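Order as written gives the chain letters A, B, C and D; numbering starts at 1 within each chain.
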């Protein structure tokens, strides 16, 4: 097996998505990138998770988008991953799922408001809703355009992808990312939990208040940035 | 054991329903048909899933509806399966469950609107609600009439069963089908997820929009038909 | 171990409650009765399910309510079980849980309407809400009075306990019963599923209709009574 | 390993939180105190539950807040635990989680009303909502101030911490406690179930009534205090 570490990173993130209950049937994919090699590894399309092996990960060239190694067809969402890796130069892993509650917010075409510290631990502000695709984009290069729309929405709003490690595609679902594929998977788990909590919050009270800004900043900075004091010394996040 | 492949196909689809959490107690059944033999295999009635074996599947004659092989009573829903196999000549498997969210839509007597790509990946349009049965139908041949009502609803509306691989019976629950029994089971899993997502979507926003038609068509055609590019080459769906 | 069959019946029903996810921590109990011996076996109070053994079941005398055999304290709900066994002479097992959705209906002080066939397969009509206890009843013999209130509510309304195998106690939760302890456990599972489905139905549509009466009767009679044709010949229910 | 019993108590409570489904990723922590030694043991920060061992628990001095034994960084919530142990002298264990339904009530800034006996079995009255922190408290000593706010809210309202074994922090989530770390964990499980039941109750009926006071008192006193008759003789709770 060539590129064993890269494949292993993508493989483990894919397994985590299934283990954490984010993936119904085969609806999900994770990828990992090696910036030095200019290659990324991604789940093959439509393969049963119980039969998935590290060597099934398909390795692609970031610049050309062609297969560098692997005998299977890559995920049909591969052009979205590639577009995100090209636009977000600091990220090392990407995840896409159809997790139930995140999809519901995407279908409702709403960004997820910051109602609590669970959210603020992971996103610096609300979880953004990306602009819709045009009919032309959908028909011509749908998956690539999905990535482009995310990049444009972040650029327009001046959002740092590591401070906002995921977004919702209208009528579709979530993409998340992070410094590593495993970070991206953890952010997908966090997004699903936050999406469920936020829907319940609005059920329990008609007009919930956002978390006060100082408390959001405190929670975000406890876990991220130079003054972070969550986790063990040497942890990557 | 006679008809081992046919029985195995029905057996595995039944097991999947339980493993995926669609079946409470014994409330569910899957069948598989061999069109060349004119025989279909179905789960026996009311048997505990933990004790179920492939040889317990009951094999029936499509034309006469009599038992061709098997020592147990077939599912009480067998006449519905038979009616569907006779009317939908392209399908190879059928599933019935009382999965929680699909039943809730059936009890609410609402077709499920197409709010997102998860839905559009599997159904070409909304998940149809079948017409109610008459009192006479209920009293005389209830299970057969359930199948007839599905067939009539599809015929009236001009729906292709493979493009709309399932429907809701009012005040009852879902039937799904597919090219194989395993496809039918996968469609039952998809229907339950879509039903949950749609209910949540309406909770999160009072008047959700349907997915734009070009996006629905794109998602449906990615997975189905001549231009499909989801899954591995040689996959059956 | 004395009374091994009686203890085993109660033990297996208790295990099933936990396995089916109806029991949080130790909040649930099942009992079985031997009418010929005039004895019933019930779960000990507050024991962890992982440590529970058949011989831990406490055997009590139906007439006197005293312990006939067993070294542990019986469930604090034992007087409710005894009262029900004395009033409902056809039942062979009783279950009490705090399963989430059934409790929610009990807390909302609402009987569960018959929205679909899942419900009609198990209850001949709505799942009744029992009258509230008086302050005097609560203070003096709370657990016994819980049973008395169930009996009185059924007598007043002319309900057959086997046709309505369970009820909701206001601000408390469900009791179910059946011909055997395992039937009572299955009815507890059915009640929880039906409670969840009914709450979702009312979320999906503001004014759901009840299932048409001929369809409810058909479903109930498919599974129960002289013309039943669900399950295998020789099955007890 | 030093302090094996203390570490084991904290370790087992942490494992229970994960096993009962209260903990997403690493979002939770449990601690246990030895009042005679003046030491408490707590989960290390951000460690995967599957890799957690009893010896990873960090032992701290109650008075000074410094590490008495252990090679890892303690949970970032350690100052909250210490503050609670100092103010609530009768408690022996503390738990913090981000369990979904409890967080939703905290995000909605609502105390949980006493709708039923499940609640009354564990809390003598509603589950309190603690006062919000000031911007100054958040910026200076956030985690300690979280503890102080709980203590102040209980003091002002005259609440006994053992009769109200947990509270909600606005826009954050639940803290629970008890005579032991395992009691605190059981109370965290109870709180999550009660939070889910209460949200559903309000969905099922627009204006639910509280449980009648005599019934609440009866349920609470069945399990707690001198006349308790729930559980086996010799049980700690």
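We adopt the following convention: contacts are C-beta pairs under 8 Å (C-beta built on N, C-alpha and C of every residue); 3 or more make two chains touch, one makes a residue touch a chain.
Predicted, not measured: the structure shown is a model, and the values here were computed from it.
Same or different for subunit B and subunit C, when you check if over half of the residue numbers at their contact belong to both copies?
different
Between subunit B and subunit D, what's the gap in Å when you average each chain's C-alpha atoms?
Whole-Å distance between the two chain centres: 46.
As a quick test, compute the distance in whole Å between the mean CA positions of subunit C and subunit D.
32
Scan subunit B for residues touching two or more other chains and write them down.
203, in rising order.
Sort the chain contact graph into one of these: line, ring, star, complete or other.
ring
Sort out for me which residues of subunit C touch subunit B in the complex.
Spelled out, the residues of subunit C in touch with subunit B are 115-118, 121, 186, 189-190, 193, 196-198, 200-201, 203-205, 208-209, 211-212, 214-215, 218, 222, 229-233, 235.
Under the stated contact criterion, what part of subunit B meets subunit C in this complex?
Residues 24-25, 27, 44-47, 72-73, 76, 98, 100-101, 103-110, 132-133, 135, 138-139, 142, 171-173, 199, 202-203.
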